[in-house]
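Labels run A, B, C and D following the written order; every chain starts at residue 1.
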Amino acid sequence: MKKLMNSASDYVDEVLEGLVLAHPRLSLGGSARRVVHRAEGMRRGKVGIVSGGGSGHLPLFTGYVGSGMLDACSIGNVFEGPNIDSCIEAIKLADGGAGVLRLYGNYGGDRMNFDMAGEFLEGEIETTTVLGTDDIASAAPEESAKRRGVAGIIYAYKMAGAHAEEGADLAAVTETARQAVAATKTIGLALSPCQVPGSAKPTFEIAADEFELGMGIHGEPGLWRSKMKPADEIVDEMIGRLLAERPAGHRGRVSVLVNSLGATPLEELLILYRRACAKLGEAGLEIVHPLVGPYATSMEMAGASISICFLDGALERLLAAPSGSPFWEVK
Amino acid sequence: MADIRIETLENAIRIANSRMAALEAELNAADSKLGDGDTGVMLARVLGKFGETDIGAGTDLGAAFQALARAAAAATGSSLGTLFATALLTIGKATKGRETARWSELSGLLEAALDAMIRRGGASLGDKTVLDALDAVVKATAGLADAGEIAAEASKAGNAALAAFLDKPCKIGRARMFAEKSVGIDDPGMLGFVRLVDALADRD
Amino acid sequence: MKKLMNSASDYVDEVLEGLVLAHPRLSLGGSARRVVHRAEGMRRGKVGIVSGGGSGHLPLFTGYVGSGMLDACSIGNVFEGPNIDSCIEAIKLADGGAGVLRLYGNYGGDRMNFDMAGEFLEGEIETTTVLGTDDIASAAPEESAKRRGVAGIIYAYKMAGAHAEEGADLAAVTETARQAVAATKTIGLALSPCQVPGSAKPTFEIAADEFELGMGIHGEPGLWRSKMKPADEIVDEMIGRLLAERPAGHRGRVSVLVNSLGATPLEELLILYRRACAKLGEAGLEIVHPLVGPYATSMEMAGASISICFLDGALERLLAAPSGSPFWEVK
Amino acid sequence: MADIRIETLENAIRIANSRMAALEAELNAADSKLGDGDTGVMLARVLGKFGETDIGAGTDLGAAFQALARAAAAATGSSLGTLFATALLTIGKATKGRETARWSELSGLLEAALDAMIRRGGASLGDKTVLDALDAVVKATAGLADAGEIAAEASKAGNAALAAFLDKPCKIGRARMFAEKSVGIDDPGMLGFVRLVDALADRD
């Protein structure tokens, strides 16, 4: 696989340098320059929100740093968790004296390092944790706490971020993030792999006429493979699986995110979104604030994910609130 | 044989690094079956950093272990790398301020590391991870004092664990979802650990 | 090549349906539903701006319909010009009584159809034409009027659109578009082809370790092919060629657009942008309002283009003015 | 042979459509050398639409041509398709209200179409486009009145033009930049026109 890069070892650092050059509202910090944070600094008294994870998922995670969203992100190597120092530094940079929520995907390395960072700062900064667990293909519903976090985590960023911006305290912001995660379900499909810079091989192999449903964002195996099918059929199955997880008592308004894994173009996302609208309409659901585009990618992987965020009044209000992050602005 | 000292560590790092040249691809391939295929590249990077870390200047064996722990933690935030750092930190604390450790202490030091890794990672023995091979080594080397014998028994026990778990299902991470698929496949972390123990025991 | 679609014949129509569902500020109109226009309608007395072209380049062209940018776009089949009816309808929908600027890329089919549409409406709606000609690889400098329009045309959309929104008359808006086109230079590179829906083959072939400089956005041959090189070397050549076209007397402020042709991920764009910043800095140029992302694509083609817009005070003011199009918002 | 009438047109459309089955890939391939590779798929779509267009109901030959022009213009906005529509519209205007046209008029009708295409497209004779083959046909059929003879001469002239231009450089569009590359390559529009004339002349 061809990559426009200089060397595998400089890949992440140069990406981050480019990111903050292109988006002056973001700053690059930390002893190893692996923390992206808000250039204007933390507002005293505001609850901080940090996220982070491996590189290779732009605009996740760093693209959502901004007012009404995240305050800082710690960044690991491609598809590896952020190291402990960057987690400590991110939490410190997000500290406005009102505590810091750690809000990130449920991956082993990320969890261990954010946990250690929190322990390290014990007595100094109060921290809480909410893990993104929206990927319904990564564990059965009974084990939903073990699921991985994928694209749908951006709803939790948005809602918790808006709540923190409004001045809610750490417990309330944490509870909002928890609710946003619980309300959001995602399923993905992959058409072709990506390749980790420096690696000799793509992350997986798949035939030229096959796709895989439920694949993980690093190319981990999914639910099944099949020959290519018409897009509408694929969407019908994805929406069916997502609606099977509709929370009891949900009232009928949802947001939808149709996300490119990287190489899949906007044209195809829109074909998927068109059908998703029809199916959700049939199910009596009303869509508000849809998102269609590359929101959480795996570099040049081809494929897409669909997320549904089952809204209630409070979450919907926070979804519509202003935010100033480079890749999700709301005014 | 002599005690465990900083040179012992330096020597082990050299051996592990030269073994890694061939092992990297094997571990990536093992991890790519159900994981994200990066175990080898990550471990090679961490061991490479060890090679660049100056641990020979002082006489504090514990400090040397801690320096390696810091190097591992700086080089990666992956699961295995972070657990590796946790293990080194634990052993470093236990040997802090000492110039040497006796080979008879090794089993106990590894057991402390194992406990720390279980606490940090949240996995259990039997889940088919690096922990199970380490546990087997801890048990097989308990009570032994001779470096050669320890190496031989560790290698034997590690390989036995690998064989015993081959047909068991994985119980952690995303591979858990594909428990049936994990049957017949080595866990990459366990495989890496056992292969490196083999190399240190000169039993490639 | 795998595509998430239902059928080649429905591809464009379903994409457009998805587009207006996802972006309620856009409306789909025209007898064959091949015109995208502003849902709120035209403001009386405002100069209208229409664009259009073949499908397969999203967010071009339709994604730039909105306040302070375009009023309507006519859409052709993938990589074919818009047909005459859609051009006529787009011009009518953009008519606010103050005349309509036709602003589109310099492609044969597009030109013939927009010309015919203008002739058809003679005496009814006053029209002017400005052609995007930013692709420096498509003709020598002496023949710059024959160059094709690629990603850089969005600067003309933005500046002419802002000027029209302010109430400038048709002649002034047309002159602004002309200046914006003259100020903007683009060069592209391709790593891998795309495939037109329904076609049996990709648009071109290229070896697994090669890239091509100066390739057209439909896969037309470029200046040269070479084995992959470090990104910085490639950027240096691209920037060098762009700076060779710096207008005489230009004062030193530029905007830069680093654009993905589709499959190339944001990570790689940022590596390119990082180097572009360094090179432009060395040349004594200051970058304002940079754009890094998928702004004009060729579906799943991998590659990138770099555009430089050499600003003067008037153009810079219009670049910074508000705009409300879905894919380029400025507040 | 009989005059040119609506059935003549219908028959020509059938022949062209069946020839297109094999021609589509050939034209795409020709266009993909220096263009965007869509000449065949576009022409197949336009001719397919002709097959679906009902032109047999009335007796107005000019109206039939104009209906085809509208069908072509609705089906595509590509260069060649738009020029094709322009040509049909021109011939339609010239034959408006008439039930038949004589074969001896054909050269003149095509010449009018050629002029309209030159005005619309802005290219010149000699630029190596469909225009050059059409021009050759106009000249070769001037003064002829017999359908069979016209078909034979048109086919001969078209192929001669194709051969004559093969080693000339293209002077329009992006291919102009690669003038040297266009030497030795057929222009896809010219190739399509000549192949279809061959099919109509039954000289495949």
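The rule is short, and it goes like this: contacts are C-beta pairs under 8 Å (C-beta built on N, C-alpha and C of every residue); 3 or more make two chains touch, one makes a residue touch a chain.
Please read these numbers as outputs of a predicted model, since none were measured by experiment.
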item: Common touching chains of chain D and chain C; value: none
item: Required steps from chain B to chain D (each step between touching chains, minimum); value: 3
item: Interchain centroid distance [CA atoms averaged], chain A/chain D, Å; value: 55
item: Distance between chain centroids, defined by C-alpha means - chain A, chain C (Å); value: 30
item: Averaged-CA centre spacing for the pair chain B and chain A, given as whole angstrom; value: 32
item: Multi-partner residues of chain B (at least 2 other chains); value: none
item: Multi-chain contact residues (two or more partners), chain C; value: none
item: Touch-based graph of the chains, sorted into line, ring, star, complete or other; value: line
item: Interchain pairs in contact, sorted by label; value: A-B, A-C, C-D
item: Partner chain A, residues of chain C touching it in the complex; value: 2-7, 11, 14-19, 21-22, 55-56, 58-59, 191-192, 208-209, 211, 228, 230-232, 234, 262-274, 277, 290, 292, 294, 297, 299-300, 302, 304, 329, 331
item: For the chain B and chain A complex, residues of the former touching the latter; value: 25, 28, 32, 34-38, 41-42, 73-79, 81-83, 85-86, 120-122, 172-178, 181
item: Residues on chain C engaged by chain D in the complex (per definition of touch); value: 32, 54, 76-77, 79-87, 107-113, 115-116, 137-140, 146, 148, 196, 198-201, 203-204, 216, 218-221
